[in-house]
Amino acid sequence: MTLDDLRRYFSAAPFVADLGIEPVAFVDGRLATRLAVVPRHLQHTGSVHAGVMATMADHTMGIAAQSLLGEGRWILTAELKTSLLRPALGQQLHCEAWVLKPGRSLCFTEAEVFAQAEGRRTLVMKASATMAVVAADRLATTPERS
Amino acid sequence: MTLDDLRRYFSAAPFVADLGIEPVAFVDGRLATRLAVVPRHLQHTGSVHAGVMATMADHTMGIAAQSLLGEGRWILTAELKTSLLRPALGQQLHCEAWVLKPGRSLCFTEAEVFAQAEGRRTLVMKASATMAVVAADRLATTPERS
Amino acid sequence: MTLDDLRRYFSAAPFVADLGIEPVAFVDGRLATRLAVVPRHLQHTGSVHAGVMATMADHTMGIAAQSLLGEGRWILTAELKTSLLRPALGQQLHCEAWVLKPGRSLCFTEAEVFAQAEGRRTLVMKASATMAVVAADRLATTPERS
Amino acid sequence: MTLDDLRRYFSAAPFVADLGIEPVAFVDGRLATRLAVVPRHLQHTGSVHAGVMATMADHTMGIAAQSLLGEGRWILTAELKTSLLRPALGQQLHCEAWVLKPGRSLCFTEAEVFAQAEGRRTLVMKASATMAVVAADRLATTPERS
């Protein structure tokens, strides 16, 4: 999988493209993404909404897991947990995701989301997910695509 | 808390307002919300992105918990788990959230998200969260506002 | 599956038998279990240790899911979340578990644990799990048996 | 906090002492524990029961968080998630736990559990928890002691 392949995975997902989440770097099943924060991403408190970060973590983990699969197999998120460590204040979000344990039918993944303000990054969310590996032709009858 | 108060909680949160999530009914700490699905909410598979549903579940649970608090105290999501049971296909999403256990410093909440297609509702996500109760003046130094 | 089959599932699992967890009732994929609390189950505070309840919830959910499967397929816990709502004080624990969403490769389950003191039951834990369905001959290479 | 203090925390908790979980090393809020596996810890499949590992992860995380607190404040587990990555086969379990984010009212922690067989360690469980910090005099009205 190349960075161009990754860009296609992100631009093909309308919600992810609409938010503005884009891949930055990819090495050995580890994926980094970023998001330029704009006012519509915020809570009424001025920090980024947890849902924006959950979307970013979910999608970055899903594509990190997808990158380890061969043709005809897809990753679907079965379960996602997010811990909100600090308020997300800043101009950019950065996410790093990796596969903790690959598998034939299940992949376990993790992600960290950082908020960048004035050039300084703060860890604001830790996420973990259980991802199902399914045959592409079963996509219509399985859990939500990550 | 009235339904008008609730509407203000939803319209004051830019990301929630931008997605189009709105409160529908509120009784005894139980809150129902809905979302008219539009193309930008989708995955490349045509089902609603998990991040949209996570946002809806998180916000509906947060406001359900908020509704049980007195003045000057706020709900922040500390931790959120979502289980993706089925693909979310349809024209509308409906969410119901309730407080499983209220508390002085922590509230435990749950939510269900249903996708409605051709008038039929299907349970597509189950969520649970640990919510922190904080004094309003500590909002700047505490976890993400739910 | 009969209640006698269930008893065999519980007595065949050394840790569950050692703790004293036993099945009580079983209807339509819903399973109830109980545990007589003894001093070695406790925390230093006098309440039952979270690990005892997590074991009870995990095993009750696993067998509830197992009860819906045909021959040659086994349930393994992939992921388990427990929320500790209140201290577990009392002479008995009761657990009820059910299958939220059955599936060919994944089952989603939930459980509640109640502590009974002086005849009154209090909800002390809520649990949810993602269970993998595997062919019996793959047990040696898959996640922990629930 | 010294290793002797830690040993008292472990021996004072009946369930943890009964299982045989003991502290091994402690540096800067990171805690390592171990358990010699005996037959009563097992599943019917011969691997260690998830409940044994959940107990080990929960207690090791709780005491790691406790070690950062001053007098009169206690850690209670509010929420615990465990991912079961592989079957736990071997003669010993090792657990390492650390505080991801300390706080005045909430601590976020993580833990890894390894099974050791023939001198080789395999990661078998990843855990994360939300821990509540409470005044010691409120222990009777708060969630389960971790």
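Couple of notes before you dig in:
Order of writing sets the labels: A, B, C and D. Residues in every chain begin at 1.
What we mean here is this: contacts are C-beta pairs under 8 Å (C-beta built on N, C-alpha and C of every residue); 3 or more make two chains touch, one makes a residue touch a chain.
Everything numeric here is computed off the predicted structure, so don't read it as measured data.
Relative to the C-alpha centre of chain D, the farthest chain centre belongs to B.
Ranking A-D and A-B by contacting C-beta pairs places A-B first. Each chain gets a centre from the mean of its Cα atoms; for chain A and chain D, those two points are 29 Å apart. For this pair, chain B with chain D, the centres built from the Cα atoms lie 32 Å apart.
Chain A and chain B have CA centres that are 20 Å apart. Residue numbers of chain B whose C-beta contacts span two or more other chains: 78-79, 81, 83, 85-86, 108, 130, 143. For chain B in complex with chain D, the touching residues are 78-79, 81, 105-106, 108, 130, 132, 134, 143. Interface residues of chain D, counted against chain C in their complex, comprise 9, 12-16, 18-19, 39-45, 47-56, 58-59, 76-88, 124-125, 139-146. Touching chain C in their complex are the following residues of chain B: 81, 83, 85-86, 100-101, 108, 110, 123, 126, 128, 130.
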